[in-house]
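So that we are looking at the same thing, I have put the structure below in structure tokens.
All chains are identified by letter, namely A, B, C and D, in their written order; residue positions are counted from 1 within each chain.
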Amino acid sequence: MVRQFGEVLLAIALAPLFVGWIAQCRAWLQSRTAPPLTQPYRMLRKLFHKEVALAADATRLFRITPYVLFGSMVLAAAIIPSIATDLPFARVADAIALIGIFATARVFQSLAAMDIGTAFGSMGARREMMVGFLAEPALLMVLFNAFLLSGSTALPSLVEAYSSGPLSINPSLTFAGIAFVMVLLAENARIPIDNPSTHLELTMIHEAMVLEYSARHLALIEWASSLKLFNYACIGFALFLPWGIATHGADGGWALLLAAAALVAKLIVSGAALALIESLSAKLRIFRAPEFLAIAFLLAVLGLLVHLLLGS
Amino acid sequence: MMMHQSHWIVELLNLLASILLLISFAMLSRRRTQRLITLYAWQGLVLFASTCLVAYSSGQKELYYSAALTLLLKVIVLPWVLYRLIRDLGAQWDNELLVNIPTTMLVGLALVIFAFGLAQPISMMANTITRNTLGIALAVILLSFLMMITRRKAVTQVIGFLAMENGLFFAATSATYGMPMVIELGIALDLLVAVFILGIFFFQIREQFDSLDLHHLESLKED
Amino acid sequence: MEIFLVLSIPLAGALLLAFFGARRFVAQLNICVSFATLVAAAWLVVRVAHHGPFLAGHEQFFVDSFNVFLVALTAFVGFTTAIFSRSYMHVEQLHGRVGPRRMRLYHSMYQLFMAAMLLALLTNNMGLLWVAMEAATLSTVLLVSLYRTRASLEAAWKYFILCGVGIAQALFGTILLYFAAEQTLGHEGMSALLWTHLNAVKSQLEPRVMGLAFVFFLVGYGTKAGLAPLHNWLPDAHGESPSPVSAVLSGLLLNVGLYAVIRCKVLVVGSIGSSLPSHMLMGFGMFSILLAAFFLWRQRDIKRLFAYSSIEHMGLIAFAFGIGGPIANFAAMLHMVVHSLTKSSIFFSAGCASQNAGTQQMEEIRGLADTSPALGWSLMLGSLAILGMPPFGVFTSEFLMITTAIRLHPWTAPLLLVGLGVAFAAIFSRVQSMVFGESAAPSPSNDDVSHKPVAAATPAMIPAFLHLAMVVMLGLYIPPVLAEWFRAAARLIG
Amino acid sequence: MLAHGTLLLQAHDLSWTLMLVLAWMFLGVIGLLRPHSLRFVARGLFPAGAVIALGVAILGGVALLSGHAPQTMVLPLGLPNLPFHFRLDALSGFFLLLIGVSGAGISTFAAGYFRSGEGTAPGLLGLHYHVFLAGMALVVLADDAYCFMVAWELMALSSYFLVVSQHHRSEIRQAGFLYLLMAHLGAMCLLFSFGILQPGNWQLTFDAMRATPHTPFWATIAFLLALLGFGAKAGLVPLHIWLPEAHPAAPSPVSAMMSGLMLKTAVYGMLRVTFDLLHVQFWQWGLLVLVLGLLSALFGAIFASVKTDMKRLLAYSSIENIGLIFTGIGLAILFEAAHLPLFAALALSAALLHALNHSLFKSLLFLATGNVLHATKRRSLGALGGLARTMPWVAALALVGTLAIAGLPPLNGFVSEWLLLQSFLFTPQLSQPFINMLVPLGAAVLALTVALAAYVMVKFYGVIFLGQPREPALADAHDANWLERLGLAWLALGCILIGVLPQIALRAAAAVTGQLLGSTISFASPWGWIAPIAPKQASYSGLLLLAGTICVIGLTYILVRVLAHGRMRRTVPWDCGYPWQTSRMQDTAEGFGHPIRHIFRPVFDMERELPSPADKAPRYRIHVEDRLARIVYQPVTRAVQRVSDAIGVVQSGRLAIYLLFSFLTLLGLLAAVL
């Protein structure tokens, strides 16, 4: 239980920091003066103190959505074994169910975006759903790879299977890893699919959806999206770099500290890597997105076939 | 038991049969309706003769009755009725055929061969003295069928129909010394009624279409 | 005794109606005669049900499980059709399409036709069978041409010539049969043509002759039964004759023709032993089904439509008889019954519909469900029944036929599927657009009718619904005695 | 036979069920007493029908969970040698449950739904409606081919009359005709199939078929024919052509019954023939069914996402869901053929559960569209919008259905799709290597379909209920009346209940898999875990998920309110600096279709007219048809037309020709016997 709550709180706390770190790396890479690491926290604080300006005919759905988003992301964080595998809540949903939770969040966000009935809200919702239904199969294929290797879709068992086994670079996993990164970029509204820092209406997806939100609602949504990124990162760690996560049995206090340290290290590295990718690639036209995700899907399937052929 | 004395009878019967066949071919080739009726009457006469011959040779008494019936109906009554009809309807002429005469003849020839081939094995097992004529009877039937197909006027089709009936009658006498009397009577009655109805028909058709040409009777079709 | 009643009542009725044909009560008289026939037939049925098959009149007549239900059916449909024709022909008279003298002809010929069919069914003598069939033809020729219009005359003429020629072939078949019989039964007068005697010795009959005879029988009586390609008279005759006549033609006459064919088939199969006759029947049946199906697709005239459907169903029955065996024969006989009930009821409603609309063109018949619901629903239900929809009895027989066919002759399955499917599409699309949809605006062709009196649909439809009710009954429950007859007949036919 | 003896001893459940079915028919018939009185029929008979439906559901449930031996019964009806056989076993019990549960909701709704002056008289409508219900129940109960076919066609016929209840519109007549035609052709295929399965000589009971062994060839033929027949009823691609026409044409409760219940009878028949009547399964069958199912699923999803008529959209989504169910069946056959009964049970339970779920949420959504239709008289999504404000009840209940059909946890749609994916994961256990290669792709297609379904449903719900009303007339739309609300709420409750406590439904499914495959998945655990194979491999608990979500959300809400504040003011939405926005500038259904049309272009036949820039009142119209129907069906009709044109010459009207026919026939036959 303690482990469980610790992990959740850690996730909630670290998520904005992770985003901030990525922003900082990007700034460095683009040789700008970086905002301080704590910038996201300040923004959240500011938003929480503002007064909500709610569109005249917003329905309940519109007001519930931020909480649903935040809640589902926290739940996901509770399920993903980021520092320890022996989580009581992790059994509630395996990786596939995790995708379901993300999908719920997406659907709610899109519905809320359509609620007010502005031109951009509904456009953003449509684009978000499109990216979603293209990204999901690819993600599932990635999970298939993992399943073939470990014989389980429950993330803790996955992690244990890997970390117990001998350290080996598996060809299928490399394919799957690249595919996963592409999906991650698409799902979290990063370049090349979407640009989190733009407000140019014709290109934006995520921003178009949250256009009507303000103050605490917006804060929750922002926090939720950073949590989403964090969660994806943790899924990636669990699938591809599970080392350091305190496995069942071997999870005393030291092991947890070690795991936390490992997590932070991984986050730092992966954040830098993400920033690198983002600054090296350019934003795609919205109708290039399908091709981008199709490539991700193909890579995952290739990994699958490689595994079945090599019969590793 | 009658073989020793029936030799010439068989000769004669075969002769009559071949005359019958000849008449059918003649009918097939004739154009004028009046001629057709005359030929039909002749056919009836030949039929009467052959029936009497069979009756005499086989000693079947009731065959005489059916012979008399034949004489009455097919030689006297029907031809007379038909004459009257075509005279009243002014339909003596029938100079259009669907198929030209030589072809018809050739087809007829083929039919005759077919009929003989068909009847050959059967007539072998017959125990009548007239068995060889079964093939001819069949040929007569098929020929009159052919005639019905190739003619365009209602009257000629009817004559073909009657000729076919002659063929049937001949078959009956030649194969089996004639059907039982009741059946004969029934057949004759039906024939009479048929011709009666035909008469009614002709007049109705005439008053509707003021012609007996069959191409008026081609409006009920699919297209 | 009963047999003579069954035969003599309609005959006497024919004479009676021929004399008093012009009176006012003539239609009622017609109904009474038909009813008396029905009663006599019922008596006959009861006796057979109790004492089993029997011969009568110096063995000239006989009743067995194969013809008894057809006799009952013929008498029944004759009776209901008489009821229907009362109101229908009444309206025709009011429309001035037929005068009293024609009505006299109509009624006496109607009874004569009944007598002829009953004789054909009941006689034991193949020669008399032929005579009766010919008589049935002659009597119906005048019924078909009752309206004396060009079309009806043409139809009657074609009917007369085609069936006359066909029947002539049947006569030759009879002669050959007699010829073959003489070889075994000897020349003692009539008995050589008695079906029962022939059936007793059929195995000794000369196969070659019997084979030939069957061909002539098939062509001859098959023409009456409307098997393609001998069917060409049928749509014209059904289309142009008064609706009651169409009803009895396709409901009864076709059955009788097929009955004759099957009687001969029994003898021939027994004699030659080969399955050639069965295959001929199957071939004719399948060909009729397919041809009729594709003809149905192109129909515009309501009565011709259902005439072709009759061809299709005769094909089905012939096909089933061809398959043979206890189940298929059972199915075929059941189909004879349900088809004649359903089809006659359809012709009742179709007749009323075209009478009210003043035309037989289906485009001009619209929205019957709104204008006269009884008519519309009887037409709709009748069509669904004839298309083989449960719970109507037609489905029952088709169910047995199809399940048996694919077991014994799988290659027929696709053909059946095509035939029945196309027929369904063709008939149902037409019927649906006639029954449902907006009711037609009075078009120039039928506004002159609109002020003319039309039959009050409901009383005229009572026979139709009666038939449909019986068909539903047969679909859900077959009375044991009927089933027993079917089984016995199936054994007889083999 | 045996059934006679046991009739009184153990068959009381079955006889009760049959009595309830009879009561349905009786209700329909007494509706004819006062055919034009809406109050009598709607307020009187339909609620009674709902109660009967509940009874049927209960009896079905009893038959499922009281796992004693199948009950059989024989009624002295039907054919002399083949009386009506009935049988109530786990399989039929499951589908009785399905019919009963959804039927109860639909009947309750229908009691409030029907208005007078809509097409057929209420009494007649009630007759067809209840005969339809009874027919479906009888299909499930029938135990011999004849009884089955009678019930099957009764079902088709009554539903046809319901479809054409507004028969004055010609397109509805067209739809009805197409529907009945396809139903009839399918039924004939079934007849052929039964004809093959029977041992012959009146032995047409299912028992006899079970007892008969078949050669692989004939077994395959029978299976394919059954697949054709049931596929035509279920709307499997490419036999789906009638479905998107017929379902929208019917009144909404009827659409709900057809989509929610009738399609499931096809699933039932498929299972009955494949797993009960046929002994052997071949993996090729499984592959075929799997491929067809995936095709239908993807096809339905794609078309649902481009359709702009709300009922048509739902009809296509029915094709999609049927595709999912058949996918499950296909997997089950594959596993069964490979002798992996446990995995087969998993796939089959997924299929069964999805059948149940679909019957719930699809009925719910169709009924909701009925409300929208009555309230606005509009069916095109382009004319709707913002109804959540005027019809809060319908909007709230429809949201449940929307989330459920989109396959989102913790609702029921997710559970079955999750199970389906799980069963896909085990295909590597199969022996055929190339299936191992193929099936993951199938899983991907499945995932794509599910995601597309979410897309479709966001479009459906968002365009109808959210945003601004696209037409001023929508402002005075009225909400559902209490009966309608009750019906909707009942179905929504079902969606939630199965989603949160799936093991209830899974226990029912387990009884079926136990009967058909002799093996069941493990699901029993107090906290509502489902771990079909082993907890270490995969597990899911809707209950805990819901609890967790509620806790977290509640906690967050409280914290936000405590730490921050609740201040809020209402303003006009931000217009992006463009003050002239109208409600017509919202994204439309066509707009939602656009990316799909862009991605899946080859599937469609599109014609669109783009407005000219100078146009004062520009209108953008696009018409999308499925290419498949054209490719498959047009040649057939054209061929029939051509043949029937060609054979006209046979009836040339010339007597000579006719005589020639009979002459040639005569000669031909003579030559044959010569």
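The rule is simple: a contact is a pair of C-beta atoms (placed from the backbone, for glycine too) under 8 Å apart; a residue touches a chain by one contact, two chains touch by 3 or more.
Model, not experiment: these values are computed from the prediction.
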Please give the groups of chains connected via touching, computed with chain D left out.
A | B, C
Chain C and chain D share contacts with B
Looking only at C-beta pairs in contact, point me to the busier pair out of A-D and B-C.
A-D
Taking each chain's centre as the mean of its C-alpha atoms, give the chain farthest from chain C.
A
With centres defined as the mean C-alpha position, give me the chain A-chain D separation in Å.
36
Any idea how many Å lie between the Cα centroids of chain A and chain B?
101
In whole angstrom, the CA-centroid distance of chain A from chain C equals 78
Rounded to the nearest Å, the gap separating the Cα centres of chain B and chain C is 31
Tell me, which residues of chain B touch at least two other chains?
118, 145, 148, 157, 217-220, 222
Among the residues of chain C, which ones contact at least 2 other chains?
157-158, 161, 165, 212, 235, 295, 298
Residues touching two or more other chains, restricted to chain D: which are they?
648, 650-651, 655, 659, 666, 670
Given which chains touch which, is the overall layout a line, a ring, a star, complete, or other?
other
Which two-chain combinations touch?
A-D, B-C, B-D, C-D
Partner chain C, residues of chain D touching it in the complex:
76-80, 145-146, 149-150, 153-154, 157, 164, 167-168, 170, 173, 176-177, 180-181, 184-185, 188-189, 191-192, 194-196, 198, 200-202, 204, 640-641, 643-645, 647-648, 650-651, 655, 658-659, 661-662, 665-666, 669-670, 672-673
Mind pulling up the chain D residues that touch chain A in the complex?
385-386, 388-389, 399, 403, 406-409, 414, 418, 421-422, 425, 428, 433, 436-437, 440-441, 443-445, 447-448, 450-452, 454-455, 457-459, 461-463, 466-468, 529, 531, 535-541, 544-545, 548-549, 552-553, 556-557, 560, 563-565, 567-576, 581, 583, 585-587, 591-592, 595, 598-599
Please output the residues of chain A touching chain D within their complex, sorted ascending.
48-49, 51-57, 59, 61, 67-68, 70-72, 74-75, 78, 89, 91-94, 96-97, 100-101, 103-104, 106-107, 110-111, 114-120, 122-123, 125-127, 129-130, 132-134, 136-137, 140-141, 144, 147-148, 151-154, 157, 201, 211-212, 216, 220, 287, 290, 297, 301, 304-305, 308
Would you pull the chain B residues touching chain C in the complex into a rising list?
118, 121-122, 125-126, 138, 141, 145, 148, 154, 157, 161, 164-165, 168, 171-172, 175-177, 179-180, 182-183, 186-187, 189-190, 193-194, 197-198, 201, 204-205, 208-209, 216-220, 222
State the interface residues of chain B toward chain D in the complex, per the touch definition above.
98, 114, 117-118, 145-146, 148-152, 157, 214-215, 217-223
